[in-house]
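Shared between the two complexes below is chain A, which has chain B as its partner in the first and chain C in the second.
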Partner chain A sequence: MRRAHPVAWWGWALLLATAASRTGNPWLLALIVAVSGLVVTWCRGDEPWSGAYRVFLLIGGTAIAVRMVFYIVFGGADGATVLFTLPEVRLPDWAAGFRLGGAVTAEGALAAAYDGLRLATLLVCVGAANALASPRRLLRSMPAALYEVSVAVVVALSVAPQLVAGVARIRRARALRGTTGRGPAHFMRTVVVPVLHDALDRSLALAAAMASRGYGRAAGIPSRDRRATSAMLLTGLLGLCAGAYALLGSATPAPLAWSVLALGAAAAVFGIAFASARVPHTRYRTDRFSGRDWAVVASGAAAVAGTVAAAALDPGALWPAANPVSMPPVPPVAAAGIIAAAAPALLVPSARTAAAGRPA
Partner chain B sequence: MAAASPRPVLRLRGGLAVALAAGFGLVAMGWPLLAEPGGVLTETTSGPWLFALLLPLVTAVALVQLSDGGMDARAVAMLGVLSAVVAAVRPFGAGAAGVETVFFLIVLAGRVFGPAFGFILGNTGLFASALLTGGVGPWMPYQMFASAFVGLGAGLLPGRAPASRGGRAAELAMLVAYALVASLAYGLMLNMSLWPFVFTQGELAYVPGAGPGENLPRLVAYTLATSLGWDIGRAVTTAVLIALTGPVLLKVLRRTARKARWL
Partner chain C sequence: MIRFDQVTFRYADRPILDDASFTVPEGEFCLLVGATGAGKSTLLKSVNGLVPHFTGGTMSGEITVAGRPVRGSTPADLADVVGYVAQDPLAGFVTDDVELELAYTAEQLGIAPAAMRKRVTEIVDLLGLAEVRDRTLAALSSGQRQRVAIGAALVAGPRALVLDEPTSALDPGAADEVLSALHRLVHDLGVTVLLAEHRLERVVQYADSALLLEGGEVRAGDTGRILADSPVAPPVVHLGKLADWPGPPVTIRQARREAGGLRERLAGLAPAERGGPSAGPALLVAEAVTVDYPGVHAVDGIDLEARRGERIALMGRNGSGKSSLLWALQGTGKRSGGAVAIEGADPGGLKPVRRRTLAGLVPAEPADLLYADTVAAECEAADRDGGASAGACAKILADLAEGIGADTHPRDLSEGQRLALALAVTLTAAPPLLLLDEPTRGLDYPGKAALARRLRGLAEAGHCVAVATHDVEFVAEFADRVVILSDGQVVADGPAREIVSASPMFAPQVEKILPGWLTVAEVAAALGGADGGR
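Up next, the complex of A and B:
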């Protein structure tokens, strides 16, 4: 049975991250981390990128630590409960009068910790997508209009290991020749230049092989279609620019600015789709989006729906106050939505159990 | 076709798309300073997320328009191999503070193969490296976008391949100066784009709706406190790497470009 589609995993993870960005409640954030951890341990495979989740957990932990250190040094929210006091330095007015050090309060530390936890949760959600989605399958789902660029990335992914092998081969040859010179200039001349020459010559051989199989041929797209695509893409970009600049200023009413931005984005997406439909490339074994993939995305959407519903019912519970220090409440609707986002653990077959169930 | 160049050409429509993308990118990265008090962006908290999602779309549109009508197979293969080299040298810089080993390659390749190639290489190189290391994060769209413009700028520098010794020295000096400016600008832009994400309170945080007068000192303080060492380190390592490896690498890349013409 095939694993879930990488686009489905990215959609699920980004929806979960959206849910995390809509709340500052530590219980909900911890629940999101737990759900993503459960799905990752259950559904990930044994590929090289499967370990990414742990790295992102570390990055998230660092984000919380950095946030705390900055709170202690530069201050932040104030409160009544003073934990300890650092020597205080006030910078002169030309340096905006910043305060360094000073009293560290429990309320401020709690607010900084909530803030750091939110950023950490977002990063962990992205880490889950990194661990679950296969980059090679993801590249196959790029729009056809970006065909050449995605081929270049595929080439890069397969050439990178060969480069490492190339370095080892050239170093061995150097040792066999008895070259013992050290120093960067020598290294440059005897290792870097040969490796690079080797790689570039190989790229020319690859280009010849690709050209002889019809890759990179100027495809016979009628110039009328190309002009139409360009017009759509440029209109889209123009709309996006105009919308973005309108959002900056206060002269344009908000609904107008948002709709110009949305129209620009729609024109750009439509232009890419139009260009993709005109590219006469066929694909071997297209990667289809199955019902299960939609279910994975829908479970992520459940988390967002939960936070939206909770915001309508009781907005205070999603953003618990750190001042005064108190136990934050658990909004049940939002928690239920986030737990529903763990559904992929049941829907998607675990790679490990599948491997264990196979007769040896 | 035999004597055609492998350089992807920057045509009028592609140039227009890149210019518009640059305009959008300026807002997407610099909005904390550019937003007027009372503007729409300062009223919501979704601004940074919106831009992080729209930036890949804008990059994709610029790339589609640049590769309009099909790219040469040699350009595709060369892009792939150089992206692999970028991905391979990037980890060397990750361990030490401020050592950046990516830009010198993008700058040199952009100089030899032209602005369109530099733009695409900035995107594909960082994308491939992020995929290889499983490091696709919210910072990636900004990094890809900014390094694409580093490559584009290197391709737009004036002058052709010099023949004399003095000309080569002048070219190298120009590339080193460009690398210093470009890496500092890159650091500042990335800083501004990540700033509203990282801090939402305290004296270093971005204040929505406060205007540049209030936010600029905060941004300067944030830069001093977090990344100035990194930014200077990046500029210095890039310049030193270009000065050291430039003469050899330019020769290697130009030889390949010459050979590719007769493939």
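Up next, the complex of A and C:
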């Protein structure tokens, strides 16, 4: 049986991430992590990139820790319950609003933890997509008409899976070497830097192989058109980024944010379509988006729908107050939506049992 | 077909090609010969523009392929005239399935679906891939993967095919499959092939002509003449030079015809005995070792004993369990069952720091062991990791290799130097058992001879050295005992001379010409000629 389409997995994961970005409720965030974990455990294969989820869980954990450290050192939301007090450094007037050290309150710590958890959940969703979607099949689904941008696209799409595969190899080699040093700086120098180096090298090698196979061909297309496409794509991507940032932040009115996002998407899609129409490109076997793939995306959309409905019914429950410290409520509608996003675990056959039946 | 006209290429401060001019005529199978680091890969990549597009650097001169100038085109634009096959096929695969991989280039070139299906079927038949057509790439053997990579480069019908060490990671059998498939392509499709390979003994018999790249300059000519004055040449050429055979012959068949006189001179002589193991208790005792991965028994109940002073070669096809066995013996790798004892201790149950004082392993990618910015820093870190006195690693390195700059970045070293550094880092912990996984990949003949010499020195100093390798010529120079694995089991184990002579697959060139003799150096020593060896 064929696995779900990688674009479907990315759609599902990004929708789940969107749901996570629309709430600060720790119950809902934990539920999203649990649902993504369940689907990954059930649906992932045995490929090198399948370990991505664990790596991103680790990165998510680090994000929470970093957020907490930032709160403790630089301060943030304040409250009445002082846990402990650090020696405070007075900052000059131009840095008003910041502090160094000082009182650490339970309310502030809780708010920082919620915030960190939200970021971690976003990262974990990206990890789920990386673990589930075959980067190779995804590469094949990329539009051909990206020209100069194509190398960047290949590197961007393939570097995370390469990283995950590299981590295991480098850690084994460190054990051979008996490296004894401890601490983040040592880990950074002996594992993270070599792994990054190695992953980038491999991604570039893949990009070179794809280029020599004709990916990103511009034969016969005037350079003026190529530049126009690239400009369109870049504008579109900038619009997408600005729109997404505005949506996540609270300072921009939602209609404006949505329209920036839509405009960006339109520019990017138009740029790609405009260019693709001119590049001769055929398909040996089309990688069709089946009903099941749509169902996977729809289950992700259910999570977003749940948070949107919950926001309309009871906006307070999605953003529980950290001050005063209290047990946050569980909004039932949003929770139901997120649980619906676990549907792929039932819809998509486990890739590993499928692999076991394959002739070796 | 492929024409270089006064091509000069340099990275910022390092000249690679210096006024290179040559032509590879249409339909020729041309072999590119040169020492490690001579710039063979650079030359190959410049044929389809990967150099300088993906590497940077300054190029002057004119390269044309099938009349099309390479300058001004990207590698993608040239995909319809040049097919390029890189060293590691897995690193360049774009899809998961054999058929889709084969079709990829045709898709990018916009070939009509009906024509594309026909081309894919033709390629499948030409390369003998019919029975694996529906499989996933992950399920293929390494020889099949390499043939898929070649097929994928051929689907668009390029006029020239460029291959960078297509057989260096393959066992002798798989290498033969790949090379005879290539040979057929040259005959059936008239494709021009330009190929670089370190293991010349595998490819020479297929080549029509050769290019020698030395000091940035290129010389073209007949294979025999080029190899006669090349710094790298297969053993048969050295044997021919030693015996003053005309030519000299480059293939086993040619050499056998000349060998009568030499056989008479050697009658009654015998090669010097290879030093055996020292007496005393076994250093390594492995009993019924198994390593299981989902669906495979990679190592399936292996018993192995080894003593200090032994030089063991582990041979066998790709996937026969050599690497898994090495990793399990060292203790860092997985072991599903059985017992391993090195000097009485089980390395699997020890902490990594203690484990590496019993057994050191240099992995197939020696660079994995390294992490510092300079050779000096790497050596200092190794001293700290190994709890050795300051300067210990640097001293070992100086004994292993000369002229490695202390400020060089490990990534800028040559393959042989990097291997020496990884070996020095491993030896800093002074392990009695030294394991090396496929160390000769990327080494030329002088590099391999130097490695064999170093490892012999270590064995004489009381280490037990075990090497997993496909390289029959290296085994002939290095090993005194050969263990052959198949499907995770030991199928042969004994003195090197006996084992390799018994199998045409694992016999070195000299043995095929002069039964009973393994290396040119042995023959030279027996003849009393001190200048014959390398």
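Here, the second predicted complex is superposed on the first by the 222 of 360 C-alpha atoms of A that agree within 3 Å, B and C clash if a C-alpha of one lies under 4 Å from a C-alpha of the other, contacts with A are read in each partner's own complex, and residues count from 1 in each chain.
Please note the rule applied: a contact is a pair of C-beta atoms (placed from the backbone, for glycine too) under 8 Å apart; a residue touches a chain by one contact, two chains touch by 3 or more.
The shown structure was predicted, so the numbers you read here are calculated from the model rather than taken from an experiment.
Chemist: On the A-aligned overlay, A:D225 touches which partner chain: chain B = first, chain C = second, or both, or neither?
Modeler: A:D225 sits against neither chain B nor chain C.
Chemist: Figure out whether A:R283 sits in contact with chain B (first) or chain C (second), or with both, or with neither.
Modeler: In the superposition, A:R283 touches chain C alone.
Chemist: Between chain B and chain C, which makes contact with more of the residues in chain A?
Modeler: B
Chemist: Which holds for A:D78: it touches chain B only (first), chain C only (second), both, or neither?
Modeler: Neither partner.
Chemist: Touching A:A52 in the superposition: chain B (first), chain C (second), both, neither?
Modeler: First partner only, chain B.
Chemist: Touch test for A:R137: chain B only (first), chain C only (second), both, or neither?
Modeler: second
Chemist: What is the contact status of A:E88 with respect to chain B (first) and chain C (second): first, second, both, or neither?
Modeler: Neither partner.
Chemist: Quick one: classify A:M210 as touching chain B (first), chain C (second), both or neither.
Modeler: After superposition on chain A, A:M210 lies in contact with both partners, chain B and chain C.
Chemist: On the A-aligned overlay, A:A175 touches which partner chain: chain B = first, chain C = second, or both, or neither?
Modeler: A:A175: touches chain C, not chain B.
Chemist: Show me the chain A residues, by the header's touch rule, that chain B contacts in one structure and chain C contacts in the other.
Modeler: 139, 189, 193, 202, 204, 206-208, 210-211, 215-219
Chemist: Touching residues of chain C toward chain A in the complex: what are they?
Modeler: Touching chain A: residues 48, 50, 53-54, 74-80, 82-84, 86, 88, 91-96, 99-100, 103-113, 116-117, 120, 135-136, 138-139, 152-153, 156, 294-296, 327, 330, 332-333, 352-353, 355-356, 360-361, 363, 365, 368-371, 382, 384-386, 425-426, 429 of chain C.
Chemist: For a test of understanding, state which residues of chain B touch chain A in their complex under the given definition.
Modeler: 6, 13, 16-17, 20-21, 23-24, 27-28, 31, 34-41, 43, 47, 49, 51, 54, 57-58, 60-65, 67-81, 83-88, 120, 123-125, 127-128, 131-138, 197-205, 217-218, 221, 225, 244-245, 248-249, 252-253, 256, 259-260, 263
Chemist: Provide the residue numbers of chain A that touch chain C in the complex, in ascending order.
Modeler: 46-47, 134, 136-137, 139-140, 144, 169-170, 172-173, 175-181, 189-191, 193-194, 202, 204-219, 279-285, 352, 356, 358-360
Chemist: For chain A, which residues count as touching chain B in their complex?
Modeler: Touching chain B: residues 18, 21, 48-49, 51-52, 55-56, 59, 63, 67, 70-71, 74-77, 95-96, 98-99, 111-112, 115, 119, 122-123, 126, 129-131, 135, 138-139, 143, 145-146, 148-149, 151-157, 159-160, 162-164, 184, 188-189, 192-193, 196-197, 199-204, 206-208, 210-211, 215-219, 221, 226, 229-230, 233-234, 236-238, 240-241, 244-250, 252, 254, 257-258, 261, 265, 268-269, 271-272, 275 of chain A.
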